[in-house]
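In the two assemblies presented below, subunit A is common to both, partnered first by subunit B and then by subunit C.
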Partner chain A sequence: MKRASDILRILVFLAAALILNFPVIATLVTSLKSNAEIARNPGLWVEAPTLGNYAAIFDAAGRFDVWTFLNSSLVAAAIGTILPIIVCFPAAWVMARRGVGAAILFPATVNLRTLPLIVFAIPLYIMYQSLGLLDTRLGLGLILAVVNLPIALLILVNTIRDLPVDLEEAARMDGASLPTLLLRIVLPLCRPGLVTVFILGFITAWNEFLFGLMLTTRDAVPITVGASFFFASGGGGVEWGVAAAIIVIAAAPPVVLGLFMYRHIGGSMTTGAVKG
Partner chain B sequence: MTGIVLDGIGKTFDGTRIFDDLSLSIRSGELIVFVGPSGCGKSTLLRLIAGLETATEGRIEIDGRDVTQSEPHDRGLSMVFQSYALYPHMTVQQNIAFALHTERLPRDEISARVAEAARILKIEPYLDRKPKALSGGQRQRVAIGRAIVREPKAFLFDEPLSNLDAALRADTRVEIAELHKRLGATMLYVTHDQVEAMTLADRIVVLKAGRIMQIGTPHDLYTAPANTFVAQFIGSPRMNLLPCEQMDSTRIRLPGGSIEIPSLPCRPAQIGIRPEDLNLVAPTEGRLRGQVVLTEYLGADRCVHIDLGEVRVTLRDAGSSPKIARDGEEVGLAFDPRRAHYFDAAGDAINVISVEAA
Partner chain C sequence: MTRPARLENAILTAPLVVFLLLLLGFPTILDLVYAVSEVRFETLRSPSFAGLSNFTAVLGDPEFWRATWFSLRFAIVTALAECALGLFLAVYLAPLLRRAPWLLAILIMPMIVAPAMMGLMYRLVLHEFIGPLPNLLYAWFGTSPGFLTAQNVFTTIVVIETLQWTPFALLLFHMAYQSIPEDIREAAAVDGTRSWRLLTRIELPLMLPTIGVALFVRFIDGFRVFDNIWTLTGTGPGGSTTSLAIYIYVAFFRAGEIGEAVAASIMLFGAAFVLLFAAARWSTRGVR
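After this line comes the complex of A and B, so read on.
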């Protein structure tokens, strides 16, 4: 009796997992099929698995150099993730502890996130043109930093508010200067918040499409935009196998990052700091 | 070894007046305890001295130097927080050494001082652990270690024992008293627990709503409380307060009886009698008569609660007392009027030297 119910439960779980992950599985499976098989066999079973689609992608050169796309995405996403942390950490401390800007600047900054990003498009294009930032990884990274800034500030302000004030007062009694206090005491205690900001920010930055499409043309094209080039790379109709493979390649880095860093999200650094 | 002087301290917090013209002088090497009910301002007073809060008015001097506007670390004080406030990402060793690193002391001096502090507090086995791997008592020791390693001018303790269980609290209390003897340092200690205050203090400052009610040695406060607040705050069970009424020039009426006092300096409105100054006697013999409500047996002592009409009093005598007090029984209460405390209508003590027993 118990076995029967166990089996049933596993079947239900499997069905749910299959349905929820169907798009991912279908893409993964398609990327391993040859063009001939895709046309013949729409099912989830691969008859003759091949890495030919991947090989085709990595063999492509010039405008289709996937390494350049990946590199651009990595550099721009890194700038777009780390810069908001550097800017927001001291700002968040001042807002949380001194109340500076807590009334207007903090909510206003967080509300930036509610604006559709397209609002920035035209003025930004003109600004970038005059600054020479068009089609540069730095330029793409900077706007991704602006996209990530509100959520970084929100998470860091809340993380710092949750830290016991006693620890900072103890550090002041111990003679810590403001930089020492921030770097040696507050920063390590904010690690869970920093990791959360990093992961969410990196995923957002990596997956960003609009500004990549608008602000880059050749040298700094990110993988999301670059991937779209492959859809029509055959000249005629869409090459589904290559398209699926490039989607898998483009999606892999944030997925891997999320899997490795997930356990660092949340959780408290301050266990044992206060009380018994 | 430092004297600390507070002169005319005023503090307003979000529009609320917490202190008004508070002055206090703390002698070098003294262990002084700030005690009072919650919200009396005792922790705020400690934080003002520490520099974690800034006084709105007045001066704070440490060692004759005006530190009113100085940063906390410039005052040369160490503080032990109620929550311990250990840095959770650092080992015990790093926690204790942190202040010495910020002072940029040479490395070998830092390790020597940390080792000495660890030896004094017997925390050597835990030096490489993080705070979360320590028990409450061990964390408390690390917090004290972090304070003594700086060799401060004075130690500030903010309710350091309130997170420990009862047994550990009693042990740690003794250790803090020993530490004070050994270091001979000035210590300021905040607690709401009058037992801690009585056992530790050279002098006690009793605070109520931001005002100093009395300053004195534990003995002074116990034997000569300046007002009914101090009288009832110090001592456990607390002092019995009986409303009284002058009947004629020598007699005072109390609930449940009357007493005769030949030369009263002025009219007392209340009489205070410590529970241990009351004696159980036959109903016909005592100065007061009442009915036993409840007896609490504590081993060495017992507390007998007695109804005297509208007020209830507590009597404490030996647990082995042969006098049986059954619930509901009519009893007499005797006391020596010379050991009683007399208060006026405002609750201030009346000088009792001239009061003699009938």
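After this line comes the complex of A and C, so read on.
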């Protein structure tokens, strides 16, 4: 009786795992087939696995230069991840320790998470155009930083709140100045929170699509947008093996990072939700 | 508070405030200006005042209402489906996940995949000739529906969105379920409470706030959906998958109707604000 229900549970788990991950599995499998095999065998089994599609991607140049896409994604995501930490850390300390900004600044920033960001996309486009930030990695990184701001502030405030105050008071007694206190005492103690912010922020920034689509055209196109170039807009003429491989490459970094650091971030993946 | 402390506070919050003002405050003002202006790409620098004509144009555009209705329907259906499925999985698989927590990572994976890439993956998966899913359906049933036809496309993207974000609800409910104190369950077991009654009378009521949060977050995210729909179907056959975000994007980039696009986005902003305000009121009342 107990055995039977356990087996049923495992079956339900397997079914859920398979259905939820089906597109990922199917794309991965297709990326390992030659174009000839894709046309002949659309199933989930690879007869003659090949890495040819991946090789073809990295050979492509010009508008399809994958290295440029990857580079743009990396730089923009790095800016979009580190800048919120720099901007939020001092503010988070003041908020956690002195209750500053509890009325407006904190809720306003955290609730940005719930705004449809396309609202800001058009004025940003116009603003970027006059500032020369259109199609630059810095420009893209800045807006990714905005996207990550709510979660960075929320996690940092919570982290600092959970730190014992005595250490800070002792340092103050010893005559540590405020910058020393923040950088030498508080910042190192925040490490777990910082790691979480970094990982979640990087995943969000890398996966972002809308701003990449609107604010870049050639030089700073991130990989999520670049991957969509491989799907000819006309419909026909898509090389499906290559297309599958580019999707895998574009989707892999956050997935690998997320699964690798799962123990670290597991619960906090829903942070913006629990308190928002 | 002492003077120097106040100065310190101002200095420490300054980076955040300045950053917000530059990247969101200024664009918001620009939004308001362009919303009441007659402006095209050629006249970006010299908009001329046009009163509320952009708003009336948007409100009189049936496509705008269609997009609003689409987003609303999409958000409600997906939020409900994701939370129902997530709740079922979290509760039903709880014994399994307690023994082997890492199994959860496998179920969570879809939500780490970029939604835009998920949309592209389904271009492949659902393709009528080379797609693995139609292939399987042909093999099993001898037939396969046209997933992206005008008739079926709404269902298809609802299912796609649901499959990607059920993990979010699952994760949230999993944590809420695990944090129910074990002694409550033990006490109920001593009283001879059946497991179904334990679930409906004790566990679900305890998880109710989390369920509310999950529904709210998923509704919001569903309402502003763009990435996965855009990469899979674009505006869809006959404009049938035009969400509000897609409507605004197309008005701006394809049609160059900047004033109208901005007016539409301000209305979206307003709607989101009202909703958020209502949710905040509702949740604080719930706490009291």
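Odds and ends about this structure:
As a working rule, the second predicted complex is superposed on the first by the 233 of 276 C-alpha atoms of A that agree within 3 Å, B and C clash if a C-alpha of one lies under 4 Å from a C-alpha of the other, contacts with A are read in each partner's own complex, and residues count from 1 in each chain.
Quick note on the criterion: a residue touches a chain if its C-beta (ideal position, glycine included) is under 8 Å from a C-beta of that chain, and two chains touch if they have at least 3 such contacts.
Just so you know, these numbers come straight off a predicted model, no measurement behind them.
Once the two complexes are overlaid on the shared chain, A:L44 sits against subunit C while remaining clear of subunit B. Residue by residue along subunit A, subunit B and subunit C are tallied for touches, and C comes out ahead. In the superposition on chain A, A:A176 contacts subunit B only, with no contact to subunit C. By the document's definition of touching, of the two partners only subunit C reaches A:N111; subunit B does not.
When both complexes are overlaid on chain A, the residue A:F69 reaches neither subunit B nor subunit C. When the two complexes are overlaid on their common chain A, residue A:I185 makes contact with subunit B while staying clear of subunit C. When both complexes are overlaid on chain A, the residue A:F198 reaches neither subunit B nor subunit C. Where the contact sets of subunit A with subunit B and with subunit C meet, they give residues 269-270, 272-274, 276. Interface residues of subunit A facing subunit C in the complex, by the touch rule stated above, are 6, 9-10, 12-13, 16-17, 19-24, 26-27, 29-30, 38-39, 42-44, 83, 86-88, 90-91, 93-95, 98, 100-101, 105, 108-109, 111-112, 114-127, 129-130, 142-143, 145-146, 149, 153, 178, 203, 206-210, 213-214, 224-225, 227-228, 231, 240, 243-244, 247, 250-251, 254-255, 258-259, 262, 266-267, 269-270, 272-274, 276. Those residues of subunit B lying in contact with subunit A across their complex are 50-52, 71-73, 77-79, 81-89, 98-99, 102-103, 130-136, 139, 146, 150, 163-164. The touching residues of subunit A, when paired with subunit B in their complex, are 164, 166-167, 169-177, 180, 184-185, 188-189, 269-276. Taken in their complex, subunit C has these residues touching subunit A: 1, 5, 8-9, 11-13, 15-17, 19-20, 23-24, 26-28, 30-31, 34, 44-45, 89, 92-93, 95-96, 102-118, 120-125, 127, 129-136, 139, 163, 166-168, 171-172, 175, 213-214, 217, 220, 223-224, 226-227, 230-231, 244-245, 248-249, 252-253, 258, 261-262, 265-266, 268-269, 272, 276.
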